[in-house]
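Some structures are shown below for you to check.
Next come two complexes, and both contain chain A; in the first it sits with chain B, in the second with chain C.
Now for the complex of A and B:
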């Protein structure tokens, strides 16, 4: 009886009230999510402390090598950046838009057949905007769909409600990528549409799918996944296919939000 | 005190008695129920099918979507005509019903609050609400795309009334960047969708425009081919071939339409997923005999002149080139030809396929027919020198000058006369042979009729005249002057570049007829028709004359000018320069026909280029020959490359 009344009240409640209630609920539960995430980090920290000194020294050595490699890359990037700026100046081209990188810890993962999203531990406090692209070392993670005071919700590339204007590696024609029908424990996948008929890919000869940069949300060249299957539609106009996504997407602990910051 | 049992007993008695009124009442009830049951049975069992059909017609709608047309390829598998996707951003209005309703209430309340005068009618309010909602979506699209599109209120209303289930287009033919922006910005479940259809795409723009033809809009597929007979049907517009191959092979290229049967509410809004659905299927593709590389070479060589060129595979009759200029960019027809583009084509007189429908006097190329008629009839032998060319000749009272040389050819044999294209020689031989034999020989080569190529509208105006024709058509007698004119391919003789190309191919095979075809078959058997019937020496004399034409005669530029030379190939050719009447006066028509290699002919062609300046010597050896050279060069270049690759 009480439950029925509550449902009835919720059904007839104005949209504004429902939105407010939902947001408040999220804000109220957010500290729990964040706290649980911090506890989890602490747990991992103590687990790591159990490693022997030899292991730490070895890891430190590996890290030093990687750092050296990255230092070189940073130096090269700096040189390339200077060259790009020189050419822009020379050709009187408009400057490329730049991004601020906000690295954020993943606080919660929420995977279901209807949506695929994760909560990160940065929100309005770091001026994260709705719609900002989220990336990791393997490519695109998704985009920010909700921003709260200290957390944000990321809609993942596996979510059926997310679309990206993509390109097949080596091609410039934009196609549509959309998250697939992903099961909770299944390997992540996506779907592509409007693929030109001269594009071929298969599981044995997959093709890289990357962001086109034409849609205005994602910068170009970020990996989305690997096309493992394409087939022609009955009307012969396009091909459609399946994209295999990086399994690491479901286990990410840290991501980077790209916040647009005007011209570089 | 009376016992209760007595009263009860009286009640029981009254219930169980046979009151006639009750019986009558029961009877009436039974009768009425019977009538009702009979009525229900009649409606359900007898008229059930009719009601079911009426209900279906009222609640179901059928949408028919045309299938994409098949592609057209050249003989090497290059796409000449394909389909390019056409992206549009559309609004599914049937998904907007709640929004329309909310907007209607909002607009009505606003009017009630602010309007002091007449309140709009409900129909007007609905119209305002519809436009307002669609405009909101249009603004959203404009914001994404940086456009400034507007909503046509009356068009929207028409769409709502007649085509509610079809998508309403907000922006058509999106650029790739716009498509990409919408993909990323439109929510997946928005009533705004990126809709894909297709339109014809021509990768080679104007190449072979007249031959390939173009398509126009038609009203879509025939309703009767689909299930759902009698349903209200909404058809999306399709395309139909209007000219060229597109028209000729329309039934092959035409795609198979798909359909959807939907359930709708009384207002026509879709209420459930489709009851039946079948996707459209692309039409069959067609492989033409054209070689696009040769075609482009021919068109580049004709350039901004008015002219036509046809090249055939001698062995099979497959058309390798069919060029006609001026032409038009076929992409301007896709998706729709604008009025400005149509006016431009009209002004440049570019609609006509001159290769198929341009009838010109064939000039000296016709001398080959005269030669064969004379040889076959015994009027001359190859080594005879029937005339001494002094630069002119009197036929009756008319003075005929020899235009094809420096004025004085002297005594010539047949090969020399063909090579030098001496008019005096052929007037003499023509008069000696007679119009009857010349006309008969030309008809044997099918020069008096259409070739029957698979293209619509081939002209029937090609003409091989004779005395009967002149009497019947002009009520005049045939004169020796007419025969003289005919002997050099002038006067009433009329041929198209296609008929002359067929003639060249027939001559190359030593036969009298070539049936041209535009369809490529990998293993098409060689054509064989009636042999010409020349002796070996007679045939050699003609070939010698034709080879002489391009080595030292009127077409010698083909071997002497480095830019025109086709290395390592022996070519048999014949130039022609005919006078044609144009609005600006008499101008020359430059002709060149040829085949190659002489020893084993593979390609035959005919080129005709219009002169533009009256009085200018627009010689075939100078203006038509370079076009033939370009085609031959490309043909043998490709052949040698293929041999080297193998």
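Now for the complex of A and C:
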């Protein structure tokens, strides 16, 4: 009787009520997630304080070299940007959309066979929108699937429910990427479909898989992974295959959310 | 009401702990599911209404952090609670080993039910089955180890809040 009543309430409850209840329960759990993440950061901070001065000097020297390299890259990017703007004006092309980079710490990971998600420590307080692409130094991490008061949930490229329009490096024909095959103690993998018959790749000669820019979520050219296997699909019209993803995806501590802003 | 609140707080703690363990194990792609622990003690030791309410609230806690329809865990936990409650007079429910076995069986049932629910939303390839098997196996082992502690925690929390039923209802 009580169970029947509960099921009935659940079935007839309006979506708005369910959404409100979901958000309320999530916000109830969020402080624990955020607090544990801050404690982890503090733990790492104190662990780093144990390093010797020699190690710090070495790290500072390496950092100075990397900074010098990046400074040069920034100058070159500025020149290229100016060139792009000049050509756009000359050819009367529409301006390229720009992104605001919102860096965020990873608070919690939830990697099951059913879904692959992570919670980051920025949400509506930083105007993070649902659907925004999330990246890191190795390429695509995923997309924002939920935004809460001060946390957001990222659906990863390893999630079986995530599909991306992708291209093989050096090709323009779009193919379909789907996350999914994450075996215990193994590296994360994804699947590709609708690959043209003239595309070849193997573990010894892998090919880079990148975002195509189609669909409007991910900017083009971001690395998704490496194609390590392709074979003809059952209908013989296309090929299907396997993509090896970066193992760092499972250990990320910081990611960047690309928040779309008007034209550059 | 007080008993429901106390049980809910223990379930809140359980969810936070499980989430932390899963966070720590994410690098090796191992994921633990502890749905059986959200239901078993309330179904075996509490009066129906307060225990049922605690199970539903525990389900909602799981729902809010999962990409399934909001209420899916709650309804499944409610069904599991009702089934266990109706069977509890036929088992030695005061014995901890019996409670642990019930928790293991409930965990298995809930894991399979959520897998079926998830498969209706997202196409899970054939490669996902070994992963599901290992997740279930690790979850059962972890639950076997943690269940006695968690049942004791729930019992002592109820005693501390003076919300423990005078006899097993």
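Throughout what follows, the second predicted complex is superposed on the first by the 243 of 264 C-alpha atoms of A that agree within 3 Å, B and C clash if a C-alpha of one lies under 4 Å from a C-alpha of the other, contacts with A are read in each partner's own complex, and residues count from 1 in each chain.
By our rule, a contact is a pair of C-beta atoms (placed from the backbone, for glycine too) under 8 Å apart; a residue touches a chain by one contact, two chains touch by 3 or more.
Every value quoted in this text rests on a predicted model; they were computed, and no experiment measured them.
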item	value
Touching partner for A:209 - first (chain B), second (chain C), both, neither	neither
Which superposed partner A:128 touches (first chain B, second chain C, both, neither)	neither
Touched partner set for A:147, first chain B, second chain C, both or neither	neither
Touching partner for A:182 - first (chain B), second (chain C), both, neither	second
Partner chain in contact with A:222 - chain B first, chain C second, else both or neither	neither
Which superposed partner A:156 touches (first chain B, second chain C, both, neither)	neither
Per-residue touch tally on chain A - higher for chain B or for chain C	C
Which superposed partner A:165 touches (first chain B, second chain C, both, neither)	first
Contacts of A:34 with chain B and chain C, given as first, second, both or neither	neither
Chain B versus chain C as contact partner of A:21, first or second or both or neither	second
Chain A positions touched by chain B in one structure and by chain C in the second	160-161
Residue numbers on chain A that touch chain C, as the complex places them	2-3, 6-7, 10, 13, 18-19, 21-23, 25-26, 28-29, 32-33, 36, 108-115, 117, 145, 155, 160-161, 180-186, 188, 191, 250-251
Interfacial residue positions of chain B with respect to chain A in the complex	67-68, 83, 85, 176-177, 179-181, 183-189, 194, 196, 198, 255, 258, 279-282
Residues of chain A touching chain B in the complex	160-165, 173-174, 176, 178, 194, 212, 214-218, 233-238
Of chain C, residues touching chain A in the complex	12, 15-16, 19-20, 22-23, 26-31, 33, 48-49, 52, 56, 60-61, 63-67, 70-71, 74-75, 78-79, 81-82, 114-115, 118, 121-125, 127-128, 130-132, 134-135
